[in-house]
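Note that the chains are named A, B, C, D, E and F in the order they appear, and that numbering of residues resets to 1 at the start of each chain.
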Amino acid sequence: MTIALCPGSFDPPTNGHVDVIQRSLAIFDEVVVGVIGNPSKSPMFSAEERVDLLRKVFTGVDRVGVETFDGLLVDFAVGRGIDVIVKGLRGVADFDSELQMAQMNHHLSGIETCFVATNPSHGYISSSLVKEVARLGGNTDRLVPAEVQQALNAKVPR
Amino acid sequence: MTIALCPGSFDPPTNGHVDVIQRSLAIFDEVVVGVIGNPSKSPMFSAEERVDLLRKVFTGVDRVGVETFDGLLVDFAVGRGIDVIVKGLRGVADFDSELQMAQMNHHLSGIETCFVATNPSHGYISSSLVKEVARLGGNTDRLVPAEVQQALNAKVPR
Amino acid sequence: MTIALCPGSFDPPTNGHVDVIQRSLAIFDEVVVGVIGNPSKSPMFSAEERVDLLRKVFTGVDRVGVETFDGLLVDFAVGRGIDVIVKGLRGVADFDSELQMAQMNHHLSGIETCFVATNPSHGYISSSLVKEVARLGGNTDRLVPAEVQQALNAKVPR
Amino acid sequence: MTIALCPGSFDPPTNGHVDVIQRSLAIFDEVVVGVIGNPSKSPMFSAEERVDLLRKVFTGVDRVGVETFDGLLVDFAVGRGIDVIVKGLRGVADFDSELQMAQMNHHLSGIETCFVATNPSHGYISSSLVKEVARLGGNTDRLVPAEVQQALNAKVPR
Amino acid sequence: MTIALCPGSFDPPTNGHVDVIQRSLAIFDEVVVGVIGNPSKSPMFSAEERVDLLRKVFTGVDRVGVETFDGLLVDFAVGRGIDVIVKGLRGVADFDSELQMAQMNHHLSGIETCFVATNPSHGYISSSLVKEVARLGGNTDRLVPAEVQQALNAKVPR
Amino acid sequence: MTIALCPGSFDPPTNGHVDVIQRSLAIFDEVVVGVIGNPSKSPMFSAEERVDLLRKVFTGVDRVGVETFDGLLVDFAVGRGIDVIVKGLRGVADFDSELQMAQMNHHLSGIETCFVATNPSHGYISSSLVKEVARLGGNTDRLVPAEVQQALNAKVPR
């Protein structure tokens, strides 16, 4: 049985994240969504809120678990029995820094990273752009799951 | 009649910006230079100063208007009757983030973005590099219009 | 009135090409689709067939004309009174060679090139990939317009 | 059980290919190495030779099978019960064309493609560069497995 | 005699930096390692500590000098009689910003920049990633020279 | 004394090539321009013609020598006592393949490759584009040295 780890800040989860997790489910037996507790940029949503949002989005999907972690990604992955890390790739800027992280994580732990191509229709969606659009009063309905849109509305009243 | 929007922080306007605006004038009937009032990084020049500098640079050029805006770019564009957004492309790093913004703006408003290749001789000029060079005592005479050089000299005495 | 030129081999026209032409129509007053008569790679469809296919696809669309040309692109553009060349950008590999062509064409004629971002859902569609898939018996129905699919079926019997 | 397909021309197999196949074995239950029978460029080694070389390299490794195929990659993959396609990524030029192929293959069959980062020490090794070096009399000992070096020596006498 | 300048923050020096300096020594007669005194991001190690670490690493190597500077890189280079600036290139993201800096430095001073390819095995090592790994308790032994590892251990107790 | 090798097909030499050779002269003591005798694509100009053109362009410049070679670049470089290979970089597409070649050449011989940024005004000039423009009747006067323009006129009568 192969367990894949989809790590990220998920601040907040977007349709792009959901796409990567669903693609991982199509390939691997079990998917652990690993929520970075304290990302370097101060998050809009607390770790608890981000875990909660992801659990709501994947309610009823058996093979997905959502957990939060602090410290080194590979320490969490080794402790959790992860077989492979999965990241979505949108474009070349992603690619360069993700390749660097993948090689570092392999150096530190021997764990491989798999990259999956995201749905091209979601390529322009990122959490930071979603937050910026929401803060400026734009409509993010089709960029995030319904549960996330509700939470965004509560944080950023239109 | 086609109205193009050249948006940016213009902190300060450089010869690269002037080149993109002139290329836009060669293609479109009217060009609105849209100055982002409160960019995410705290600017060296106030919105009024940046608008004023751009107006001086384009004094006597009939088909250019300079305006400042806050909030979502596409809200300003729709309100102002803009037909197309124009951005200059210098290199691959630009390309990736600009493509993401273009697709997001099209998603939000249906407005297209056109990219024009900047004069290769201006490819290395960016506002942030100009400010860094000026702060460290370097000569920026050939990187910015004369009006901007005067304003830089006042902000950053050599 | 601004006349844009969408040049290409169109061997055959794809949904990606149609998208770029439609985006050009959303920006410019008139669009000339310029079909390269003798592209460097020997084409599957003759120049007449390619012009004919594009005319069928844009039947009833007033502001589009389809023409074929040989020789230098900028000579055709100057002779035809073109104001701007429009190219679609799919990714970074496109970007580098297209930027080179744009700067060369500007050097030779002073005519600007505008790049438009293609619909991300069409980013993976290219004429050469469509032909390869068709030759190997794959289904290209959703990659090309219906008129082109009929022509492909005639050239490459399944 | 997850079956991964590592497709390629393998003309000839290099240490870079071996690295990608070994990384796939570290992630997936079974790996099918799919040798393209008639690649677009006329190969130096016949399909039988390339299959034979790969089988020698992976002698004694239980979970690897080597097969040749013609026609559409996704037709082979569907017929063979493949769960995921695995490709190695060396750099940005790879990335762009591989992403295009991955999205096309997903469009045609719904099968996902996973990208693994190759060992950075093998990043500069490609089959075509190996053949060019060998033809010009260079030493390719550390670029290909011993079995392949023997076969290269036979094809390109030093 | 050709004097090369290897500039950087070196916060802290990594095996990647050592590789670039050694490659520069293989090409040029003398190498000045230029330590940026006050980089834009607040450093973990003081300028004195960074100079000291580099001097320890290159103890006994005749043709290397380590110096700190403030202000414009090209002012330091001109004052110090530098013939050429040397930078290591890891990937495409590096390339774009380094090319911009090289062209700006050439514009300001006429001094050329040479790029050397770093050892691919060190491509994923950056000072900021080393610090992040160290802070999160990871092992950086094979990423930095022994002298730097000792200093890191003192700054970031495991 | 440092001897640099500027290798290439030079079919024909362009202003971009001249720029790279002049930048190499600004850095290194002596520059050997190494003309690939039999490039993979059949050249427009014979090896003798290409050597002759380069010698004419650099007439009176003491520290430049022009030679032709066949076989492996690094074999020529080692035999000729070359200290470093110099290549010009125009963009990202160049970068990827040049980095691969540099690492292969270092693997085969231990010789380093230095990349210099070309004058941005020459970034769009390549030999193949120059030949294409000339064949289609375009003016290449400002893209190549005067001696090369004469030779082009003789090969491709306007």
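Here, contacts are C-beta pairs under 8 Å (C-beta built on N, C-alpha and C of every residue); 3 or more make two chains touch, one makes a residue touch a chain.
Since we're looking at a predicted model, the values are computed, not measured.
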Identify the chains in contact with chain B as well as chain E, in label order.
-> A, F
Find the chain most remote from chain D, comparing centres computed as mean CA coordinates.
-> B
The pair out of C-D and A-D sharing more C-beta contacts is A-D
Sort the other chains by how far their Cα centres are from that of chain C and give me the top one.
-> E
Would you kindly tell me how far, in whole Å, the mean C-alpha position of chain F lies from that of chain E?
-> 30
If you average the Cα atoms of chain A and of chain C to get two centres, how far apart are those centres in Å?
-> 37
Between the Cα centroids of chain A and chain F the separation in whole angstrom comes to 47
Two or more other chains are touched by the chain A residues 91-93, 96, 99, 102-103, 120, 123-124
Give every touching pair of chains, nothing left out.
-> A-B, A-C, A-D, A-E, B-C, B-E, B-F, C-D, C-F, D-E, D-F, E-F
Using the touch definition up top, name the residues of chain B that touch chain C in the complex.
-> 2, 23, 26-29, 83-84, 89, 92, 95-96, 99, 102-103, 106, 112-117, 120
Interface residues, chain C side, partner chain A - complex = 91-92, 120-121, 123-124
Provide the residue numbers of chain D that touch chain C in the complex, in ascending order.
-> 71-72, 74-75, 92-93, 96-97, 99-104, 107-108
Tell me, which parts of chain B touch chain E in their complex?
-> 90-93, 123-126, 129, 133, 136-139, 142-143
